[in-house]
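In what follows, structures are represented as structure tokens.
In what comes next, subunit A is part of two complexes: it sits with subunit B in the first one and with subunit C in the second one.
What follows is the complex of A and B.
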């Protein structure tokens, strides 16, 4: 299209749609696919640790778990139990070893009015990233160094402006600051600063999730995974798990995270532009949705693209816009700078979450028998009606001043209220008397809107059905991007055939990137799961090898896509992806996991769900392979002889093709050609 | 309608390569610049009970402003109109941002 000629809005938008979609389209596809899988991040990690599949979560025997804690960590000041839930059938226990915790204890007692929800248990806090920097540093730097080291380490990795802001904040705020950072309910603070939003993203790594590296590098905090019923310790291989896919989704890999986030942010903005301009192009958006003309080349791709896009359009808009909001303060830093005149202290102060207002007492040093936990959990769940308990945190265990906190699981939480709605009930550990203070403040309208968007994006609240809906939305989005990318190529191929031109370099690059970006990514994901099972469980640093396997395989598909003939590249890569992914249930059964029959029989839906999804995806990919293999592009001559009347009819129903899809929309339409020949 | 604006056309309007380059430049940098300005203006110019809310709201609107700016730049009939579509809102946001400081 030439901008120097008069043109309509839809023509301009069609151009904008095409090129905003194409520029980073392959990256957007990868973001969509990894993001879709990230809705089941915890489940994927669980699948990737077959040692734990046998966990039996029907009953939780708190006594057994307490027994393990008593024998393993008699001196710890705080014990945390992460209860099994629908997303992870194991029971996690964690504690901090007091001798390594001296620094923190001093700080705690130094704060006169310590209204912390709880003493930060190392694994927990870091896992949720509330100890912000620590959470951010954890992937790259070896974990569990001293906490000061962790904090400065992550400040280094950041561009100066932020690093300075961090340092200032830390310096000026001291203890008060730490207190906030340790509070668990950071959601209100979500969009505060790039750092802050990172933290909350990290939080998603939270609870049921195992942080395998922690077990190995654990200098301070210790975390064990138990069978909920028997209290038996479950090992678990080191794995990059679902977290790798999750992190790739928003900060890529192998580069400074701030760069990764900017690249993703730009891709998201392009996606946002592509979606909205696409909606403007489709004047007949409702009618188009019911139009599908199969086996008609470009038109069918167009219909498929429209179908995928329109079907879950609200999802696409929500997911891209909330994705932008998650990076809001990174991408639009001027907003918070102008509102707070650069005073980041005031900024954080402004949004500080009000915590449960009662004080933890230091341990009395007097031994006391604790009350049974199960009735407290049952009482808490009765109080909450339809919310389940997610974790139990015992402060000063077996002491006269023991406090037992029962915290809600995030599943089933209110979207509007944000994750801070994961309330806790506090009980005196000896008498069982309730200590609960006032509730957190209600969110304002703006907070409620951003909470809804962001929680939908992260799927925190979601019980299984909404989670699967989000997953399907993600699949629809992935297909939307994939069909769009393929359509660019299909549309231009026709032009090139017509004009007897040989393929240009740009055309060839798009072809190759399409194969690598779409089929190749599927191969790489399949390979990632295979690597998880084929790399021996006791290899040190095996999680890195899993990630390497992913990238090496992806690189091979790139080379393959550019060396093979286009159609064969598709066929071969789709076939390999289909086989790799479709055979995952078998691989799982053969390498120590719970076989599909057994997992269904036992009702172990986390494992069964993964296997069934993999099976369906494999079948889908193989079917696609078959269709691509059988596909013979129609020549213009064959189209001319095909049913003319029906062509004309469908043309009238459908929307006119915008001119980017053909060189000249009117004259090249099938219907008119049919008329001419007739 | 397009004819009526022909006196607003500048020489680059007639040169396809220059036309598209200038539009891309305006869409990328103009759109983002306008978003930054909008974020700053709204965050300090709107009175919410919590300043944090103003920031969140400003960021949301800024992204939408960027989107609309990009669409405008690509869709406008001439380059002058495309540029005006960036300059006028930029002037308004700029004035909104600076005005309180001038008063006090």
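What follows is the complex of A and C.
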């Protein structure tokens, strides 16, 4: 494009659209794909721990779970049971053990007490690369169990110091330990540094934690996963799980989190620019709404690109904008800092949705028999009508002052109210009498808008159908980026040939990155799941090896893409990806997981859903491979002979095929003529 | 069964709505019926289509609540529009019997929900 000549708005926007899309397009594609998979992060983690597939969630036997808690944690002040839900068929139990160590006392003040709730959507969210491997009660910093968002500690080998300090900072204000920790951390200025703002960002995203409840003894969290029906402890291999994909999509891997987030933030901004300029560039949004004209070279690619973009445009705008919003405090901290004069705690207090709270009594020290839990859960679910219970929290268990809280799952409800609006019913643990807690504060307008966008992005609210719709939106977004990237090449193919340069450097780079960025990523994801099953379950640090397998394979596809001829690179990588992903159900059955037939038969839909999706994706990728392999650039003569038949050709599904056919004058005039006559 | 009834209602109404809008457009009317409709017919189809789309918001909001309902509605819209687009491309004639079938499905669903 010549910058010294005057041009119209549309031309300028077209250029902007092309290059804002292309510059970090491959990264945006990876973000879209891993982010889309993250909608099912708990389900993916569950699939990756085949030891747990046998869990039977048809009934929940609370007595068995209580039995385990009584024997494992007789001294804990609070027990939490995370009930099985549509996303996770296991029963999680967790508690905090009293500790003596001073260092841990610091943590304890840091650990925002019992409000750190485990709702089902968070069931398996632990730090990157360290999904819970219960079975033998594993221990880790309580904050990490609650918030998958937070910790990247152990797997990266720069563990808890920052974690402790982070956690610490959000603890109650102004206590001595806090100051100690901050000096330890380095400087008070931290408060204004990016890391701090990122910290608040996370906090704004995550469940609120502070609440004037009593703190209970020095604590370390312990978590076990049980079979809901039998109360049997379910083991589970160490796995990076869905959490790796989740974290990769917003902070990459192997670099400082802040750096990763800034890079993702910039890519997201470019994506947003590309979406807005794309809407301006697109000539006939409504006229071409349903139009797809296959086998017409560049025209078909444009139609496919437009289709993927326009049909789920609301999703693309929502997901990109809310993604930026989630980074808002990190990228533009000035507003927050000037309004609150750098007082982050005040900011947090203000920004956080207040959740309902309840004043607990201290334990009476008198043993009492607790009432049965199941009727309380049933009563609560009757009160809520459409919403299910997500967790049961027992404070002062087996004490005269025992309180049983039944808390809604985050599924359903209202986007406006935000995640913290999940209601709780409190019961006297001995008499079963209903107790009243304070209601959650109503969100302000600003909070409501932020709640809607953030909840939509993170999908906490989503029951299975909305979740699949979000997933499909993500698939549409991935295809939009992929078709856009391929179109850049298709549109320039002719110029390349004209100039008699078989491969200009820039052109060749885009070609190679297209293959590795699109097909190669699929290969890497397939390899990641294979690594999960092929690395022996008892290897120490196997979660790191899963992640290494992902990156090593991706690096190999990069080399492969630049050494092979373009078409063959596509064919080979798509074929490998299709085979790897398509065979996952078989691999699952052979390596200890629940076979597809059994999972459907038992109604274990979390496993069955993964297997069926993998199967469909594999078939789609292989079909794409076949179409790319069969593809030969068309000449005018072949169009004349093929006539109408060529219009019947199909390539609608899965990954787009790298069509190198550029529209020739005849076919485009055909298209025009039929449009005019229409 | 009863749980997915609202979703079925949304899908049918939306299919009728988007389908009507689609055959209200010259290009697609020709693909589906082979003849060009009159201007009045086109306007009628498009108007009916939008009405059906708006009506499909009712079961969505009723079942999911206002905020999630609207989000789900937009999600379904994308899915159905993609489906119609693909059917138009490869098997446009299917849309002819699909309309009465969707209408019948809708009627049955409404009767069942009563």
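As a working rule, the second predicted complex is superposed on the first by the 503 of 678 C-alpha atoms of A that agree within 3 Å, B and C clash if a C-alpha of one lies under 4 Å from a C-alpha of the other, contacts with A are read in each partner's own complex, and residues count from 1 in each chain.
The rule is simple: contacts are C-beta pairs under 8 Å (C-beta built on N, C-alpha and C of every residue); 3 or more make two chains touch, one makes a residue touch a chain.
Because the structure is a prediction, the values reported are computed rather than measured.
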Superposed partners subunit B and subunit C on subunit A - clash or fit: fit
Partner chain(s) touched by A:551 [first = subunit B, second = subunit C, both, neither]: neither
Broader residue contact with subunit A after superposition on the shared chain, subunit B or subunit C: B
Touched partner set for A:626, first subunit B, second subunit C, both or neither: neither
Which of subunit B and subunit C A:15 touches, first, second, both or neither: first
First, second, both or neither for A:447, with subunit B first and subunit C second: first
Partner chain(s) touched by A:562 [first = subunit B, second = subunit C, both, neither]: neither
A:472 touches, of subunit B and subunit C: first, second, both or neither? second
Touching partner for A:507 - first (subunit B), second (subunit C), both, neither: neither
First (subunit B), second (subunit C), both or neither touched by A:339: first
After superposition on chain A, the shortest CA separation from subunit B to subunit C (Å): 19
Parts of subunit A lying in touch with subunit C, wherever the complex brings them together: 287, 289-294, 307, 311-312, 314-315, 412-416, 452, 456, 461, 465-466, 469-470, 472-473, 476, 648, 650, 652, 674-675, 678
Subunit A residues touching subunit B - in the complex, by the definition given at the top: 2-4, 6, 9, 12-13, 15-16, 20, 191-192, 269, 272-273, 276-277, 280, 321, 324-325, 328-329, 331-340, 346-347, 350-351, 444-447, 449-450
Subunit A-touching residues of subunit C, taken from the complex the two chains share: 4, 7, 22, 25-28, 30, 64-68, 71-72, 74-76, 78-79, 81-82, 84-86, 88-90
Touching residues (chain side subunit B, partner subunit A) in the complex: 2, 13-16, 19-20, 23, 35-37, 39-44, 48-60, 62-63, 66-67, 70-71, 74-75, 77, 97
